[in-house]
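As structure tokens, here come the structures.
Each of the two complexes below includes chain A, the first together with chain B, the second together with chain C.
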Partner chain A sequence: MATSTYNLIASQIVGSGGASSITFSSIPQTYTDLLLKMSTADSRSTPSVSDILVNFNGTGVGTNVSANYFYGNGSSVTGTTGTQIAFGDGSQGSIFGNSEVYIANYTSSNYKPYSSDSIAEINSTAGYQLLIAGLWSSTAAITSISLTPYSSPFGQYSTFYLYGIKNS
Partner chain B sequence: MMASAATYTPIATNTIGTSTATVTFSSIPGTYTDLILVTSGTVAGTGENGNSIILNGDTGSNYSVTNLYGVNGSTTGSNRQSSQTFMQIGRTSTSSQSISTVHFMNYSNTTTYKTAIARANDLPYFVMATAGLWRSTSAITSIAISNLNGNFNTGATFTLYGVLAA
Partner chain C sequence: MADVVDINCETKEVTTRPQTAEEIAAAEAAAAQAAADKAVADAAEKAKADAKAAAIAKLTALGLTADEVAALTA
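Moving on to the complex of A and B:
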């Protein structure tokens, strides 16, 4: 029987009190790539696309993180830059934005590129698709990932799944 | 209880030890449903950084791609390349670590043309989504990856995964 090389490392589901941040720590160094899947809402007062920021290895939120991204809203496309790792929904918990982030060679001594795709639905008034080319400019292996919403906290029922993918 | 069969399996991987023009995966087994190619690293030179893929050694004008892209955090657009002699899909940066993923759907069937979807991240410039087509009913048995700009630099990684629907 073949051994699975695409494994769930850890998952977190936000409870009724919300969560100001979500952290995956002690990430095993035995995989090749990481895949992060999220379904999130935060506490913005009006429905909107909402940034999700990242803190790698406790070095600081957005530290050495660069994102080149563009998004479409059904009528136009806009390109811009920032420090996001993904986007969710800021809809007070009623609608969730979904995102998937692929981080290549997370244990290598090179800088760490990531590919991120997100969608956010603004409660029938608009919808967004957002594509990011991101980079963490650090040679350190990634051992922890902390995620912070634009407007704290992440709402109840937000989900976070971290997978490891091994190339052998 | 018997363990479930692995449905996401590495077929082959290559971390190049020297500057390399082309990385080829050959003798790809036809036993999976889809293929996923993950590439990461940097490329030599300046200018166009698109990866080019040739399937089964076919250099005929049988490839096309349609792109949606953002450039350097400002310009956005869409373009198409038809009847090309390679599939320009995925990208590799000259200046920073890049990552591209390419999914080949139903690659082993011998009835339909083969399609691919890709995400390319050529930092700090390009973020791109691509739909590709190879106008051949042959099962994909080899994938050759090059770059329009120059050789892949030492340390670039290439991994081909098989995804099984069952």
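Moving on to the complex of A and C:
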């Protein structure tokens, strides 16, 4: 019998009150990699490279996180650096953006690289794309991931899915 | 203030609670840093656009046609 290599660990849909942050805690240490899929919106007027901030293991928002970006708006591309993990937000709480974040070897004692691709589309008036190459400079295994929007809260119906990837 | 949501991946239990004062302060500090990052990115993008406009103006002043400038800058 084939072994599943792609399993849903946990998921969350934000309720009517919104959420100031989303945390996946007690992440099982039985996988090789983690994959986070998000569809989110918050209250800011335009998306940017800084809409969702990450906190690994409760060590602090952006602590030991470094990221290199390519940020496009449909007419130009900008490269920059920062401490954010993804954007993926839309605008005005009702327009959603999508993001995927892949974290490799999250249980290893080496620093943890991650990649992220995100888009936000503003009802055909604007579109944004973001690619991130990031690194969490810690030797600790990742046991929790907290996500905080740039301008709280995550809007109702924002969704978060955390998957575990096995190499066998 | 919207709640903090925690999903325990082992038990699947979801807990919600209000933000603490520390968490609010940390979020505000992070937002300020993010705004600073955004300002740097915006400034870099504007500088790039300004440099391109200046280059086009100089090429035009040298006598290049609009099509020739476009061919160089596309």
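Definition applied: the second predicted complex is superposed on the first by the 161 of 168 C-alpha atoms of A that agree within 3 Å, B and C clash if a C-alpha of one lies under 4 Å from a C-alpha of the other, contacts with A are read in each partner's own complex, and residues count from 1 in each chain.
Here is the rule we go by: contacts are C-beta pairs under 8 Å (C-beta built on N, C-alpha and C of every residue); 3 or more make two chains touch, one makes a residue touch a chain.
It should be emphasised that the depicted structure is a prediction, and the values quoted were computed from it without experimental measurement.
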Chain A as common anchor, with chain B and chain C clashing or fitting: fit
Which superposed partner A:A19 touches (first chain B, second chain C, both, neither): second
Touched partner set for A:L162, first chain B, second chain C, both or neither: second
Partner chain(s) touched by A:T125 [first = chain B, second = chain C, both, neither]: neither
Which superposed partner A:A104 touches (first chain B, second chain C, both, neither): first
Angle at the Cα centre of chain A, taken between the Cα centres of chain B and chain C once the superposition is applied, in steps of 10 degrees: 100
First (chain B), second (chain C), both or neither touched by A:S115: first
Which superposed partner A:T5 touches (first chain B, second chain C, both, neither): first
Touching partner for A:G62 - first (chain B), second (chain C), both, neither: second
Minimum Cα separation, chain C to chain B, after superposition on A (Å): 8
Overlap of chain C and chain B interfaces on chain A (superposed complexes): 69, 78-81
In the complex with chain A, residue positions of chain B that touch it: 2-10, 13, 38, 40, 68-77, 96-101, 119-129, 155, 157, 159, 161
Footprint of chain A on chain C - complex, ascending: 1-12, 14, 16, 19, 23, 26-27, 29-31, 33-35, 37-38, 40-41, 44-45, 48-49
Contacting residues of chain A [partner chain C, same complex]: 9-12, 14, 17-28, 48-51, 53, 60-62, 69, 71, 76, 78-84, 148, 150-154, 160, 162
Residues of chain A that touch chain B when the two form their complex: 1-6, 32-33, 66, 68-70, 77-81, 102, 104-105, 108, 110-115, 117, 131-135, 165-168
